[in-house]
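Have a look at these structures, which come just after this line.
Across the two complexes that follow, subunit A remains constant while its partner is subunit B and subsequently subunit C.
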Partner chain A sequence: MTIPVRKFDTLVIGAGGGGLRAALQLAQAEANVAVVSKVFPTRSHTVAAQGGMNAALANVSPDNWHWHMYDTVKGGDFLGDQDAIEYMCRAAPRLVVELEHIGVPFSRLDNGKIYQRPFGGQSQNFGGEQAARTCAAADRTGHAILHALYQQNIRAKTHFFDEYFAIDLIRDNDGCILGALVLEIETGEPLIIQAKTTLIATGGAGQLFRTNTNARINTGDGMAMALRAGIPLQDMEFFQFHPTGIAGKGMLISEAVRGEGGYLVNGDGERFMERYAPNARDLASRDVVSRAVATEIHEGRGCGPNKDYILLKVDHLGADVIRKRLPGIRDMVMTFLHIDPINQPIPIFPTAHYTMGGIPTNRFGQVVVPQQQGAEDIVPGLYAVGECACVSVHGANRLGGNSLLDIVVFGRAAGNHIIEYLKENRYGRTVVAQHSIDTALAHLARWDQRSQGVSNETVDGLRNELKAVMDHYCGVFRTEDVLRTGLDKVLKIEQRLQNVYLKDHSKIFNTARIEAFELENLVDLALATVASALARKESRGAHMRMDYPQRDDVKWLKHSLFFKGGQLDYKPVRMKPLTVEGFSPKPRVY
Partner chain B sequence: MRFSIYRYNPEADAAPTMQTMELADADITPDMMLLDALRLLKAQDESFTFRHSCGEGVCGSDAVNINGRNGLACITPVVDLAQPITIRPLPGMPVIRDLVVDLSQFYHQYRAIKPYLVVHDPEPEVEYLQTPQQRDKLDGLYECVLCGCCSTACPSFWWNPDKFRGPAALLQAYRFIADSRDQATAERLDALEGPYRLFRCHTVMNCVDVCPKGLNPTKAIGQIKKIMLKHLI
Partner chain C sequence: MSLRAAFSARESTGEILFESESMLDRPRLYWQCRRGMLELDILLQGFLDAKFDVLTTVEQHAFIELLDYPDAILLEYMLGRMIPTDQRIANVVTQIRTPVAS
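The block that comes next holds the complex of A and B.
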C-alpha cells in the first residue's frame, strides 16, 4: 500500500487554544503550517472554558506578576517548575492584551479596560488579601478566545485539516520526529503528513473518568502517541477534581460563580469552607475545596434526601450580576437542572476536570526526555503545549484561570522556537524510517481485524468499565489498597481490549473505529495515572493519599516519569526561577 | 421509546432509509437529553453515525433535525418529544453518512465575510478601550457556536447556498460591524452588496426560531441593512 504524503514546515496536531496560538505565530512568520484536528477547530474543548484567564493587569485590584507567580507556585504545592512559572506570569499581561487586540470580546469595566474577577488561590502581596486577576468575557472566555484565534488563523491562511485523526508519530533513523500518520475521517483514508517540526496540542484526558467536565473528544490521544513513541509522561498522578460539577452529571459550574460571591453550604446550612480555609474560604485552591466537599458528604453532612451533594448558593448575588456575569452558567443550570440560579442554589459534587500531567517539555515547548546522566535530552523536532503537555507550570494542582494562560503563553513560545529551529534546519531531515511507518500502519490496521469466534466485549462496554474503575479507584481520596486494586483492574481491561473487534468495517466516517483508537489511548493513560499514583507515597496538591497524608519534600519533591510498559523514573523540580529568588516549600494554608 | 432515524451508508446503501430504533423504558431517565439516547442507540448498533463532543451545547457539533426542527441533541430533553422521535440530518446539506452532513458551504460562507477584527491604526501597548455599553452591543452576536441550525433551516440558503451568505455568516458579519474596535465597516458593507449575499434574506425568521443559543440573525441582518442605507446616503 502506498500512502499519500503531504509536506509542511510544521505539523500542529490539535486546534484548541494551544495549537491555534502556535499556528498563528507560525503562519504570521510565513512558515508553512498544517493544523490537524479531529473536530472542526471551534469545536475543540477550549470552547467550553468559562471563567477566564489570569494576568496581573491590576485593572481591579493592585497586582503584579510576582504575586501571580507566588500564588501559582503555592497552588501547585511547590511541584511546579519555577523558571516556567516566572516566564508565564511575566508574559501574561502582554498575552491578554494581544488577545484583546485580535478581537476577543472581553467584558469591560466602566473605564473601558478589561474586566477582571477574583478566582481561587489568588492573593495580593504573597498570600495577603484576595486579588482579582482573572480576565473574563462574561462566562464564555474560552469560546471568545478560541473563536478569535481561529478567525485570525483564517486571516493568516493557515492550512487546516479538519476532521483528521492522528494515529501515531513518525520519525527518522536518529529518532527525530518527522510528522504523523493521520486518518481522514470522512473518507477513512490514511495520509502521512511529513514535517520538519511537529507540535502536539491535543488537550486533556478527562474521559478517563465517568463523572467529568470534559468533552467526549478529550481522550488524551497526543499523550498516548508520545508514550508509544518512547517518551515518558510526567506527573500523571495529579488529576484535578473540580469542586463544583453539576451533581450527578458532571458539567462544570465555573469557579467564577464563587469569584462573583457565591458560596458553598452543607446539609446543616453551614458555610463549611470557613472551617477548612479560614482566610480564603470558598476561594481556596481547588484541591482543598474538592476535599472539603467530599469530606462533608462522607461525614453525613450532604444536602438532599440522600445527603449526596452540596449546595452552591448564588441567589443572593441578584439577578443583574447573574445575567450579566454568569449568563452561560445560568443557561446550563436551567437546561440540565431545570432550576434558575437567580432564586435557587445549585446542587454540586466534585468532578474530574484537568490533567496536570502530560508530555514533559521545557519552557520553549520542546519535548524533553531523561538522559542517563541526569541531564535532559531534547527530542529533535518535537514540541508539545497545552493540557497535553507538562511544562510544568501547574505542579500538583492547577489554579483556575491558569490553563487558558498556559495554552496561549506556551503556544506562542513554541511557535517562536519553531521559527528559529526552521531557520537553522532549512534543509533538515527528510527521510522517514520505514520501520516507523510500518509500526504506525500496523497500529492503523488493528481495528480492521475481524472477530474469529464470538466475543461479547465491545468498545462501549469496556470504556464504561474503565471509567467506573478510575472513578472508584483513582478519585479524590486514595490509598495503597485501593490503588493496587485499581491497577489490577486496569491491567485486566488492557488485556481484554485485545479481544475487542469492531463489527463496522466501513471506511466513510467510521466513528466506531475512531472510538476504538481513543479507547486504546485512554487505557494507556489510565495505566500511567494509576501506576504513578500508587508509587507516590505522599499527599501533594490533587494527589491525596489517606495512608500518607503529609507532603514529604525530602523524598517526593520530584516529578514522576511513567514509560509505556510500566517503568517509573523521577526528575528534580526546577526550583530556580529566571530572575527572582525561588519560593521554597512551606506549609500550605489558605 | 421509539425513534425513526435517517440511515445512509454510501458504501452499502443505494438510497437512504428511515430505520426504526428503540430504547427500553428502563433506559430512559426523566432528565435524559437526546444525545444520551443517540449514544445508547449507537451502543446497540456501532455503525450508527453522528457528530458530538462537549455534551453541553457549547461546541455546536451535534446539530440535527429533530421531529422536523433543527436543534442540538445534547440540550434537547427527550421526554418532551413526540414519538416516534424522528431524527434526520440537517436539511439541504449533502449527507456524508447517517446524521453527518457536509458543512463545507456553510463554513465557506463564514470565511467569506472575513470574520476577524480589522484595525488599521498602530497598536497601543495596552488594551483598546471599550465602554461597557459598546461591549454590550456584541452580546447576542459573539456567542454563535457555528452549529448550522439556522442556515440549514433557511429556504434562501437552500436555494442559493453558494451565493447567499446565510444567517450564521451574516450574524458574524454584524458582530464585527458592531464592534467599536473594528475599522473595516465600509469594506464589510461593500462586500455584502448585490442581490444575493445579504439581500436574499426574506425575513422568514426560521433562523431565530431554531437557534439553540437564542440568537437573532434576522435582527442582525436588519441592522446591517439599516447601516447600509445610512452609508449610501
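The block that comes next holds the complex of A and C.
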C-alpha cells in the first residue's frame, strides 16, 4: 500500500489559538506550514473562552508583570515552573498589543485605552488589593482571537488540512519527529505529512469526564499521541473543576449567581456551605465549594431520585433581580433544562473544566523527556503548546484569564524557536523510519481488522462508562480507596476496549471510526489521570485528597510524569525564574 | 466545498437531493454539528438525531445553512439572545430551542 506524502517545514496539529499563533509566526517568516484540524479551524474550542486574557497593562489599576507572576505562582499552588511563568507574564502586554494589531477588537475604556476587568486571584503588590488585569473583547475574546488568527493565517498562506484526523507521529531512526500519519475524514484515506518540525496543539481532554464544560472535540488526541510515542504526560492529576455545572450536562453556571445571593442546598434542604466555610459560605473559592458539593453527594445527601446532584436556589431573589442581573444564566437554564430559575432551583454538579497537565515542554515549546539524574532531553523536531502541553505555567491550578495568554505566548515562542531550528536545519532529516510508518499504519488498520465477536461492546457505551467512572472515581472527591477503585475500573475498560468492533467499515465520512480513535485516546488519558492522582498523596491546587488534606512541600513539590505502560516518575519544579528572585512556597490564603 | 455550496450546486442543476440523499450526507452533517462549544454540540447534535429526518426539505436546507454560521453567533441564536433575520433560519432555530417531547 503506497501512502501519499506531502512535505512541509512544519506540521501543526490542532487549529485553536495556540496552533494558529505558532503557524502565523512561521508563515510570516515564509516557512511552509501545514495545519491539520479535525474540525473546521474556527470551530476549535478556543472560541468558547469568554473571560479574557491577562496582561499587566495597568490601564485600570496599578499593575506590573511581577505582580502577575506572583499571582500565577501562588494560584498554581507553587507547582508552576517559575522561568516559564516569568516569561509569560513579561510577554503578556506586548502580545495584547500584537493581537489588537491583527484585528482583535478589545473593549475600551472611555480614555481609549484597553479595558481590563478584575478576576479572581489577581492582586496588586504581591497579594494586596484586587487588580484588574483581564483584557476582553466583550464576552467573545476567544472567538475574536481565533477568527483574527485564522484570517491572518489565510493571508500568510498557511496550508490548512481541514477535517483531517492525526493518527500517530512518525520519526527517523534517531528518534527525530518528522510529522504524522493523518486520515482525511471525508475520504477515509491516509496521508503522511512529513515535516522538519511538528507542533502539537490539540487542546485539553475535558471529555474524560461525564460532567464537563468542554466541546466534544476535546478528547486529548495530541496528548495520547505523545504518550504512544513514548513521551510521558506531566501532572495529569491536576484537573480544574468548576463547582456549578448544570447537572448531567456540564455547562457552566457562573459564580455571578452566588454573587447575587443564590445559594446551594442539599437533599435535606440544608444550606450546607455553612458547615464547610462558615464565613464565606456559598462564595468560598471554587475548590472549596466543589469539594463540599462532592462530599454532600458522596455522603448520600444529594437531591433527586438518585441523590446525584445539588440544587442552586435563586428563586428567592425575585423575578426582577433575576431578569435584570442574571439574564444570561436564565437563558442558559431555560434553554438546556427547560425550567425557569425564577420558579425552580437549578440542579448542579462540579464540572471538569481545564487540563493543567499535558505534554512536558520547556518555555520554547520544545517537548522534553527525563534523562538520568533529573536532567532533561529535548525530543528533536517536536513541540507542544496550549492546554495539551504542560510548560508548566498553571502549576496545580490555573487562574482565570491565563489560558488565552498561555496559548498566544507559547504559540509565538514555539513559532520563533522553530524558525531558528529551520535555519539551522535547512535541509532537514529526510528519511522516515519504515518501522515508524508501519506502526502508525497498523494503528490505523486495527479498527478495520477487528471482526464482530461475541461482545456487545460499543464505542458509545464504553465511552459513556469511562466518563461516568471518571466522574465517580477521579472527580473532586478523591481518596485512596476511591482512586484505587477508579484505577481498577479504568484498567478493565482498557481491556474491554479490545472487544469493541465497528459495525461500519466504510471509508467515506466514517465518523464512528474517528470516535473509536478518540475513545482509545481518552482511555489512555484516563489511566494517566487516575494513576497520577492515586500516587500523589497530598492536596495541592485542584488535586484534593480527602485522606491527605494538606499540601506537602517536602515530599511532593515535584511534577509527576506518567508513561504509557503505567510507570510513574517525577521531576523537580523549576523554582528559579529568569531574572528575579523565586517565590518560595507559603500557605495559599486568599 | 462547504455543505451549503455543495447543496446549492446540486440544487442549481435541478437535482432533487433531499430524502435519500440527505441521509447519505448524514455523517457529514453530524460532523458539522461538532462545534467549539459544548452548548452547541448538545443542541445541534441532539436536533440532528431527534428531528432532522422529519423536517421539510426547506427546513433541512435552512438547518444546513445555519451550520455555516460562526459559533459565537450560533450561541446567541440558541440562547434566544439574537433572532436570525432570515425567517427560514429563525424557524429552524425555534425548533432547535423547543424541547423534544419525552
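Please note the rule applied: the second predicted complex is superposed on the first by the 490 of 590 C-alpha atoms of A that agree within 3 Å, B and C clash if a C-alpha of one lies under 4 Å from a C-alpha of the other, contacts with A are read in each partner's own complex, and residues count from 1 in each chain.
Keep in mind that, in the parts below, a residue touches a chain if its C-beta (ideal position, glycine included) is under 8 Å from a C-beta of that chain, and two chains touch if they have at least 3 such contacts.
These numbers were taken from a predicted model, which means no experiment stands behind them.
After superposition on subunit A, the partners subunit B and subunit C are seen to clash.
By the touch criterion stated above, A:199 is placed in contact with neither subunit B nor subunit C. Look at A:151: by the touch rule set out above, it reaches subunit B but stays clear of subunit C. By the touch criterion stated above, A:42 is placed in contact with subunit B and with subunit C alike.
Applying the stated contact rule after C-alpha superposition, one finds that A:212 touches subunit C and leaves subunit B untouched. In the superposed model, A:109 makes contact with subunit B only, not with subunit C.
Of the two partner chains placed by the overlay, subunit B and subunit C both lie in contact with A:143. Between subunit B and subunit C, more residues of subunit A are touched by B. By the touch criterion defined above, A:336 lies against subunit B and subunit C together after alignment on the C-alpha atoms of chain A.
Once both structures are placed on chain A, subunit A residues 39, 42-45, 47-48, 140, 143, 147, 186, 215-217, 251, 328, 331-332, 335-336, 338, 508-511 are touched by subunit B and, in the other complex, by subunit C.
Residues 27-28, 30-31, 34-43, 45, 70-72, 78-81, 97, 99 of subunit C are the ones touching subunit A in the complex.
Of all residues in subunit A, only 39-40, 42-45, 47-48, 96-97, 100-103, 105-114, 137-138, 140, 143-144, 147-148, 151-152, 154-155, 186, 215-217, 251, 328, 331-332, 335-336, 338, 458-461, 502-504, 506-512 touch subunit B in the complex they form. Taken together, the subunit B residues at the contact with subunit A in this complex read 9-12, 31, 42-43, 46-47, 49-61, 75, 96-98, 100, 103, 107, 111, 114-117, 119, 123, 125-132, 134-135, 138-139, 142-143, 145-146, 176, 179, 181.
Remark: subunit A residues 39, 42-48, 140, 143, 146-147, 163, 185-186, 212-217, 249-251, 328, 331-332, 334-336, 338, 508-511 touch subunit C in the complex.
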